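Handing you a structure now.
As written, the chains take the letters A, B, C, D, E and F, and residue 1 is the first residue of each chain.
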Amino acid sequence: GEIFDKEIYQDNSIPGVVTGLAWTSVGGEILFVEASLSKGKGKLTLSGQLGDVMKESAMTALSYLKTKSDKLGIDYRVFDHYDLHIHVPAGAVPKDGPSAGITMLTAMASAFTQRKVKAKLAMTGEITLRGKVMPVGGIKEKILAAKRAGIKEIILCKNNQRDIEEIDTEYIKGLNFHFVDKVEEVLALALLKTKVDEPMQFTFPKEHGKEA
Amino acid sequence: GEIFDKEIYQDNSIPGVVTGLAWTSVGGEILFVEASLSKGKGKLTLSGQLGDVMKESAMTALSYLKTKSDKLGIDYRVFDHYDLHIHVPAGAVPKDGPSAGITMLTAMASAFTQRKVKAKLAMTGEITLRGKVMPVGGIKEKILAAKRAGIKEIILCKNNQRDIEEIDTEYIKGLNFHFVDKVEEVLALALLKTKVDEPMQFTFPKEHGKEA
Amino acid sequence: GEIFDKEIYQDNSIPGVVTGLAWTSVGGEILFVEASLSKGKGKLTLSGQLGDVMKESAMTALSYLKTKSDKLGIDYRVFDHYDLHIHVPAGAVPKDGPSAGITMLTAMASAFTQRKVKAKLAMTGEITLRGKVMPVGGIKEKILAAKRAGIKEIILCKNNQRDIEEIDTEYIKGLNFHFVDKVEEVLALALLKTKVDEPMQFTFPKEHGKEA
Amino acid sequence: GEIFDKEIYQDNSIPGVVTGLAWTSVGGEILFVEASLSKGKGKLTLSGQLGDVMKESAMTALSYLKTKSDKLGIDYRVFDHYDLHIHVPAGAVPKDGPSAGITMLTAMASAFTQRKVKAKLAMTGEITLRGKVMPVGGIKEKILAAKRAGIKEIILCKNNQRDIEEIDTEYIKGLNFHFVDKVEEVLALALLKTKVDEPMQFTFPKEHGKEA
Amino acid sequence: GEIFDKEIYQDNSIPGVVTGLAWTSVGGEILFVEASLSKGKGKLTLSGQLGDVMKESAMTALSYLKTKSDKLGIDYRVFDHYDLHIHVPAGAVPKDGPSAGITMLTAMASAFTQRKVKAKLAMTGEITLRGKVMPVGGIKEKILAAKRAGIKEIILCKNNQRDIEEIDTEYIKGLNFHFVDKVEEVLALALLKTKVDEPMQFTFPKEHGKEA
Amino acid sequence: GEIFDKEIYQDNSIPGVVTGLAWTSVGGEILFVEASLSKGKGKLTLSGQLGDVMKESAMTALSYLKTKSDKLGIDYRVFDHYDLHIHVPAGAVPKDGPSAGITMLTAMASAFTQRKVKAKLAMTGEITLRGKVMPVGGIKEKILAAKRAGIKEIILCKNNQRDIEEIDTEYIKGLNFHFVDKVEEVLALALLKTKVDEPMQFTFPKEHGKEA
C-alpha cells in the first residue's frame, strides 16, 4: 500500500529543495520538490511523472517569478541563460493536482536567488498567476504526515485555517502554522536572507544590443 | 457538487485580471482570467486545464489585439519581446467553451496597456476575429452568480438581452447591464483611462534594421 | 437542433471577411470566414474547431496565393513578415470538409490586398492547388440558407450548375449565380478594385541581402 | 459508391501537375498530383488526406530529386529557398499506398524544372530511394479508368508487364505502354524539353559564405 | 501470403545500398536498405513504414558513425551539412525489430564514404552504441532466402554461429559465412577500398569560427 | 521466457559503458548502459525502448551533471557542442523504471570525463535531482544475476542494505558491496582517475562573446 516511502525531513543545505505535502489514498506524505539550474537557454524540464495540472502549476510559478523578478531581486538574465529542471521524487510515482503550487514556486525562487530555505518547514497550497494562494484538500492527513516526518512549521492558505481548527489539538502540538493569502507571504516566510553555502555564481554572455 | 469555490469579487489593483462568468452543471460561478507578461519572445502560454475551444478563443483574442494595436495604443514591440501567460483558476478544474472570449481579450488588453480594469465589473461573451461579440448560454445562472459575488456591472452581447428580460427583476436589482456588439465597446467600458499603480515598464532591445 | 445561429449577411466594410455556405444535418447555414494579418514571421493560425480536411484547404489556399502573388499584386514580403489567422465562428461548432476552399482563399486574398469584398455575395466550392474549383454537396440547402440570410449573388463550381437547375425557380428568384472553373474567376468576381476604408499599411524590415 | 469523381484528362499547360492512377474498392480512377513552389525555406507540405505510406513516398521522391539535382539540371538553391506543396484532390478523400510514387516524383521534377509534362500521359508505380521503379497492384482497373479518361500513354514498372498481357487487347487498343525499371526512364518519358509558358523565375538571396 | 516480393540480389554500383535479411511469418526474405545524402543541415529521415525499434537502430547506427568518424575517414562536416535519408522498400510493408542494425549502419557508412559495397553480400545483426554486434532470430529462414536470391557471402554475429551449424550442409553449400563481434569487422568486410563510379563530391560552406 | 540474453560482464576499455542490474518477471539480469558523444548542439537521444520513467531518469542525470560540472571537472562547453546518446541493449526489449538512475548517470559522467569505469562493477539505484540515491526493488534477484555474470563489486543505496542482509551469505560470497547515500559517492567509487586509452579529444568553436 505504500506509495511514497516514508520520508523524513532532511536538511536545508541545498538550494532549490522545498518540502511539500501530498495526499494519497493511503494517507498523507511529505515530498521534496527539487529545482536546479544549469547554463542553457531558458528551457523548463519537468520530471517525476507529473500530471497536466501539476505541470501547469510549474509553468504558472515560473511566469509569476519572471513577472516579479525585480521585486524578488532576481537578475532577469538567469531566465534567459539558464535552464530550470524541476524533479519530484520518487521518480516512478505519478503525481498530479495543484497543491504543490507554492512548494514548486518556493523551490524555484530558492534556486534563482540561491537563498536558503527555512529549516523544518513544509507547505501546501495552490497558486494563481497573480500570486494568490488558494486552499487545497487533504489537510488533516498532510499535517499528520508532516509531524511524523519532523516538520515544525507549516504554510497553508488562509482558507484552510478552518481545516486545522477541526483537528484535535494533541495531534498538532509543536507545529507552528502560517496562514497566508499571497505568494509574497510564502516567500517572506520560507526564504532566509542568507544564501546557501557555496552559492552558484551565475555568468552571462555579454549583451550585444542596448535597450531603447 | 462544488466545482469552482464560491468566489467573491476582488479588487482591481492588479493589471490583467478580469472577472468572467461560468456556467456549470451545478449553477453559475464567477471566474478570474489572469493575464501576465514577462520578457521573452512572444510566446503564449495557457493554463488552467483549458479545452480546445477556449484555447482557440485566447488565440483569437491575441490576434485581434495585434491587428488593432495601433488603435489601442499598444507598442507592437511588446508582442515580440514579451511572453504572455493566461491562467484561469482553479487550476484543476477543466474549462471549455467560447464564452470567456471577451474576458480573456480584456485581460490581455489590460496587461498590454497596464490600464486598470473597472471595479465590480464582470462579463461573458464569445468573440470573433473581426471583433464581433456573440451571444452565449447560461445567462440566468451566470447573472445570479455575479450578483452573489458582489458584481455591480455586467457586459453581455446584444443578442443576450432577451435572456435578461426573462429574469425576474428582483433578481437583477442593483445590476447595471451593458449590451454590446463589438469588442471595441467592451474595451471602452472595461478599461479605465488610468494605469494601475506601479505599471510594468516595458523595455525593448535596440532594433538593428530599419523599416523600408 | 440549431448548430450555427441563424446568421444574416453583414456589411463588407472589413477586409478579410467572406461569406460561405455550410451544410449540416439540419439544413444549410451561412458562415463567415475571417482572415486577419498581424506583424510576425509568416505563421498560419487556424481556429473555429476546423477538421483536418478544412485545415488542408486553408493550407492549399495559402500556397496558391503565394505561388500567384505576382499576378495578384501581393507584395511577397507580406507572407514572410506578417502572421495570418483564419477563424470561422461559431467557435464551439466543429466544422470540416473541403467546401469552404474558395471562401477561405477569397478571405485571405482580401486580407493580403486589403481590397473590399463584393457586398451580399456568398460562395461554396473546393479548391485545388493548381487553382481549379471543384463541385461540392448540399447545394439546395445552402442556397435556401443564403437567400434567407439576405445574399444576392452566389459563386459555385460549374459542375454544380446541374444542382441549381433542379431547384424550383421560385426558391431562387432574386439570386444571381456565377458558375466558375478557376480560382481566378472567383477572385475577379469577389474582390472589388477599391480598397477598404483605412486599409492596413504593411511595413517591412529593411532587407540585408540582395537577390542574385 | 463514388469515391473520386469521374475525372477526365486535362491539359498540360500547368507545371507540376501529373496524372496518376488509383485503385479503389469500386474500380480504377485517375487522379492528379499537384506540385507547387513558393518562396520559403525548403518546407514540404502535403495535403489531400494522404496516409503515412503515401507521405513517405513523397519524402522519398524529394530526397531522390535532391540527390540527383545535378543530373536533372535543378539549381540546388531551389530546395533551400522555396517551399514545396503537394496536393492530391479530391481534398476529402483519404488516399494511401506507394503507387503514386512515380507520379509525385514527376510532378515535383516538373515544378523544379518548369518543364512541361507530356500530354495525355498517366503513370503508376512505386519508387525507391535509389531510383528503382517497383510494381503495384490494380493494374487492370487502373488501365480501364485511364482509357475512359482520355489517356493515350501509360508508364508502368517492367514487372507489371505481365498484368497488361492478361488484359483483352480490345480494352487497351489505342493505349501506348512504357515499361520501365528506373526513375530516370520515367522522367525522360514524361518531361518534355520545353518549359511551360510563363515559367516561374526563381530568385535567390545572395549567398554570404563561400564553398571550401 | 507474400509480404515482400521475391527479390533477387542486384548490383553494387550504387553507394548506400546494402542487402539485409528479414524474417516474416511466411519465411525469409532479402531486403535492401537504401541510404542517400543530399545537401542540408544534418536531418535524418526514415521511411518504409519502420517501427520504433528499427528507427532506434538507425539512430544508434548514425551516432556510432559520428563518434567513430575519424577512424572511418569521414569528414565530420558531412554530418552537419548533408541530410541523410534511409528508406527500406517495399514502402507499404511495415518492418520492425533490431536485426537490420548492421545493414543500416553499413549502408550509411557507404553513403558517407562513397565506398563500394562488396558484391553478393548480405548481413543480419543487431548493433549496440558501443559497436557490439548482437545475435538475431530467424537465421535458417534468412539464409535460405539469401541463397535463393543469389547471395554468396553472409555476415552474422558470432553468437549466431550455432544456428548455422544446425542447418543441413546441403542448404548452405556455396555460401561463405563471416561471424563477427564488432561493427568494425562488419565494415572491414563489407566496404571495398574503391569508391563507387562517379562518387558524390561533398562541398561545405566556408567555416567562420576557429576551433579553440 | 528469456527477455535479456544471459549477459556476462565485459571489459571496461570503452568510456561511457556501465553495468546495471535489471529485474524482470523471470529473474534478474545485468544490462549495459551505453553513453556516447558526438559533435553537435547538446541534443539528448535515448534508445532501447525506454519507458517514460527511465527517460526522465536520464534527463535528471544529465541535469545533475550539468549543475555539478565544475566539481566534476567537466568543461561545460561539452554540453553545448556535443550530442549525447544513451542506448540500452537489447534494442527490442522494453525497459522502464527509475532503478537505472545511477547507472545512466555514471555512464554519462564517464563519457563526459573520458575516465575509465572500474572493472567488474555493477550498480542499481534511483537518483534525484539533488544527488540523493534512493532504494530500488528486486535486490536479491539482481545480486544473483550479477554474481552469475562475473561481477565482483556492487553499488546500492544505503536503504537497500537490509535487503542484502536477508540473503543467505553463501549466495553473496565474493561480492563486495558499497552502500551509498549520494551520487558523489557513486562517482567516486565507479570512475577511475585514469582516462581510457585513446580518449576522445573535445574541440569547440571559438566563442565570440565574453562573459560579463
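The criterion applied here is as follows: a contact is a pair of C-beta atoms (placed from the backbone, for glycine too) under 8 Å apart; a residue touches a chain by one contact, two chains touch by 3 or more.
In this text the structure is predicted, and so the values were computed from the model without any measurement.
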Separation of chain D from chain A in steps, with touching chains one step apart: 3
For chain A and chain E, chains touching each: F
Chain D on chain F, rotation in degrees - Cα superposition, rounded to nearest 5: 120
Residue-number overlap at the chain B/chain C interface, same or different (half cut): different
Mean-CA-position distance for chain B and chain A (Å): 29
Distance between chain centroids, defined by C-alpha means - chain C, chain F (Å): 58
Separation of mean Cα positions, chain F and chain B [Å, integer]: 51
Residues within chain C bordering two or more other chains: none
Graph class of chain-chain contacts, one of line, ring, star, complete, other: ring
Order around the closed ring of chains, commencing at chain A, then chain F: A, F, E, D, C, B
In the complex with chain F, residue positions of chain A that touch it: 5, 14, 16-17, 32, 34-40, 45, 47-49, 83, 85-87, 89-92, 200, 203-208
Parts of chain E lying in touch with chain F, wherever the complex brings them together: 52-53, 56-57, 59-60, 63-64, 66-67, 69, 76, 79-80, 97-98, 101, 126, 128-130, 132, 134-135, 159, 209-212
